[in-house]
């Protein structure tokens, strides 16, 4: 094992000499992202955030021991995820594992719980992800909270009649629930809800049904490649009203889609230009390394990785061992951290709460809208 | 024409395919312990007649009875379990099974995970069938690896092992050399001696003359004549039809 | 490392059961089903619900799963008795796609996409046992049953039907009954595997019971060699450990790991089929059916 | 009006399904190879067109390149995968697994090369306008129907007039007959693969313009083509095309009566029903035992 670890370290993160200089076995940061299959675009985005945070931590010399990234492909499927998770826990002895996607999160949670390994989610936003295990944390506000923040904005923009296109998973269900219950209270109306299979490709017929409901806006609750197809399918088939959605839309392929012009979606608040030093450095270095502006998911996983570095640094200073229990204790002790986008606070379950902002796609860029 | 002397009887069997009358009004009775040969040009409806009896095809009209019990509406396996065995022109051996397994499969009728009845008796029947067909030495060869004549005999071994009272044989001797034909004839003689009733389709008139006790001549789905081999074979009109010189 | 290997071994045993039972349908009865994951799923849901609602007894879960999956195997048996070859493949495919939709929509029973969480650890007679032991025991029993069946009269009947259906029927074999029984056995076995899977994973959702999973199990059978006893097991071990082993390769950049693994995996399957079309343990002489 | 809209939308989708299904049926009919990698031809053609379109090449060149790559892929599959397997007497499922492996490779190579996620050729052709009250049609609707009609006409002429086409049809009905006449069934197989795969290319291009592509799109195309071939009746190109059209229409029109999550299942219920109750398909010969 030892030999291959060295080799891995060299290729993934830093020069072996640096590793030796910092001394000791590396902390292994594991990732369980879809790296192939229809959701692979997310895997790439998630990993970029992790990579940049590790680069920053190394160059700052935050930790005494080096960091090593160990990526496992899940294809966003539960079974593959469990195989990857047991490998990370038992073979790579990962200190900290980052996950994405609801089914993956739920499948690996029992494994991490038993092994007392901290798992952090920065991508999946189903409401059923809170409190899966004491070692399961979230660095993303769960999506139903995002939707709730969207409602007053919709009312201000006079988008009162809402039609929902959703994938029938816990997330879609939660959003449906909010639109059903909270939307009327806010002064709006859910005029139609259309559940689509994850594999659906044709949205012309759905668009026809949606037009019939005469909505002021269509709220899209899907993820991955399908989102783009839904937007295009609606726009091509005579749905001209504004489209609304949540943070899953923060993908390059959506930004670059001509039909996505004017799309409104929520995400956690980050002001890259006016923010603190950490945020500015992040935005600049991200652009330098990956050639594009960072998105929400990049940030969430940057923050998740940054959080580990901060916790481990604290533990190293106190001369404590870094493991699931000590990490958790450290998190609950401090609760508030300086992360990209400002100060973030965590609740008892390890879920991050952050302010929500509303974004709009304009000319291939994501702009924050106010009011 | 029924009961003890003629176990299998067809009455007015008819079937047509898309307007073509493949078999029309065929009445035949197979005498116990005798060989009846079905003779006629290609497309006369001989194999179709077999398929009607065995339940592979459902007759439009008419009846087929075994010991005065109707066979119409029964599935092929139900007909088989009543004691009617058949061979196929293209043999349809269990190609990837050994010779012994082919015969063994013929003795096993239960579809459940295991068989009822005496396993030793079944094994003895298999060995006897292989012995009679001269396949004992090839018992462990796969059917697909056999020579042509051996395959034909394996097809017969399956029927022997199945212990049927009625044999319906579709061109069992075609392509056999003289020595094999002699062995084949002996096989049939031994069977009829045990009161097995046989109906065979055969094109080679020498074989027919040698083996048949009775001949039925079919043409275009109709039985033109039934009778003694010599009488039928000498009939000039029938010969003309057989050799393709049709009279309108 | 041991826990990792134990996890892989458990999955290999579970998929070994799936492949071995599918082999009964494919290798012996000639029924080419690409809907095996449906019955895997039925067993998993049945086992999971039993463990969640009543008792987490593994033996009972497996029994109930086998009954549910075996009972509902009629959905598969019905087309199997009507049509053959490519037609049946298409029918089973239709069944698989319908079942995936039903699994997603029947949230009361399956939890839909969200799945069923918190399935308790398996117990046998009140003692907690590792799923590896259970899975291995079940695998051994099923392989033994398959072996006994294959060399007994039932296996002979199935092979006879596969080679020449009309001849088998003409020898008095009730083909529909034999096929239905083979399908029921195969599906009940898939149900057992499903129950084990649910107890092992503690979480199941529809994404484990899709067409891709059915195709994977089919590939295991074909790669190992249809109609052989050990072939499907070898195929299961190979196809599960190949991607797992590839994840140890050090030189692949993190974001391309998935694609590179899949490419190696796909290419390996194709090359194997070109050079060993009868599978690794298959008899090269028995390629095509007559 | 909803019904009319759904019907017209279904026709557009169905025309594309008909093209890919017909290609699959042509290959299957003539060579008896269940070409599971047909979807990969589609994926390759669609992505190559996208690449050329986005780099500013004229559309006709993109279409030509798409047709070439699909044809080349089909021929290569026949030559380097299916034929060696059949020479070894590999069975139906050996072909299946081999083709499945190739599909995986293609899908992931495309993902690595073209990026993972949704891509689309930006064009005004797909933008619908209201032609009747409540009925929206895009220019691509007419293009799809026209392309399908022209190709089917051309294919029909080729299969009935050209000697090679006639031989292909004969091969579909009786391969022994062809061999008896001394025609090379190998060259005819290649022709079938070339033609069948080429038929997928226009559909792929139109899909790239309308619904867009992702690297896993081939999967869906494959399933639909296969279902249409069975429903239409094996050996009948007319049947496959008509069934493809009907599946497209059914998938769309079902939304008039049910919620969208049932749309995909609807196609397969139709397939399952056909197999149970009319296994010979729309135009096929009886196959039930």
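Each chain gets a letter, A, B, C and D, in the order it is written, and its residues are counted from 1.
In this section, a residue touches a chain if its C-beta (ideal position, glycine included) is under 8 Å from a C-beta of that chain, and two chains touch if they have at least 3 such contacts.
Bear in mind that the values here come from a model prediction, so they are computed numbers and not experimental data.
Trace the shortest sequence of touching chains from chain B to chain D and report its length in steps.
Between chain B and chain D, the shortest chain-hopping route counts 2.
Taking contact as defined at the start, I'd like the list of chains shared as neighbours by chain C and chain D.
Per touch definition, common to chain C and chain D: A.
What is the identifier of the chain with the smallest separation between its Cα mean and the overall Cα mean?
C
Taking each chain's centre as the mean of its C-alpha atoms, which one ends up farthest from the centre of chain C?
Result for the farthest chain: B.
Could you grab the centroid distance between chain A and chain D? Build each centroid from C-alpha atoms only and quote it in angstrom.
Once rounded, the distance between the two centres reads 37 Å.
CA centre of chain A versus CA centre of chain B: separation in Å?
74
Indicate the whole-number Å distance between the mean C-alpha point of chain B and the mean C-alpha point of chain C.
That gives a centre separation of 42 Å.
At least two other chains touched by the same residue of chain D: list those residues.
108, 111, 261, 264
Give me the residues of chain A that touch two or more other chains.
Residue numbers touching two or more other chains: 36-37, 40, 43-44, 168, 197.
Could you check chain B for residues that touch two or more other chains and list them?
None at all.
Which of the chains touch, listed as pairs?
After working through each pair, the chains in contact turn out to be A-C, A-D, B-C, C-D.
Enumerate the contact residues on chain C facing chain B in the complex.
My answer: residues 149, 152-154, 156-157, 159-160, 163-164, 166-175, 177-178, 181, 285-286, 290.
Along chain A, where are the residues that touch chain C in the complex?
Per the touch definition, chain A meets chain C at residues 1, 4, 7-8, 11-12, 31, 34-37, 40, 43-44, 47-48, 51, 69, 71-73, 75-80, 82-84, 86-87, 89-91, 102-103, 106-107, 109-110, 126, 128, 132, 167-170, 173, 197-198.
In the complex formed with chain C, which residues of chain B make contact?
Touching chain C from chain B are residues 54, 56, 75-77, 80-81, 85-86, 88, 92-97, 101, 104-106, 108-115, 142, 144, 158, 162.
In their complex, what parts of chain A are in touch with chain D?
Contact set of chain A toward chain D: 36-38, 40-41, 43-44, 168, 194-197, 199-206, 208-209, 211-212, 224-229, 232-233, 235-238, 251-254, 257-258.
Within the complex, which stretch of chain C touches chain D?
Chain C residues touching chain D: 26, 32, 78-79, 82-91, 93-95, 97-98, 101-102, 104-105, 165, 215, 218-219, 222-223, 226, 256, 258-260, 262-263, 265-271, 273-274, 277-278, 284, 287-289.
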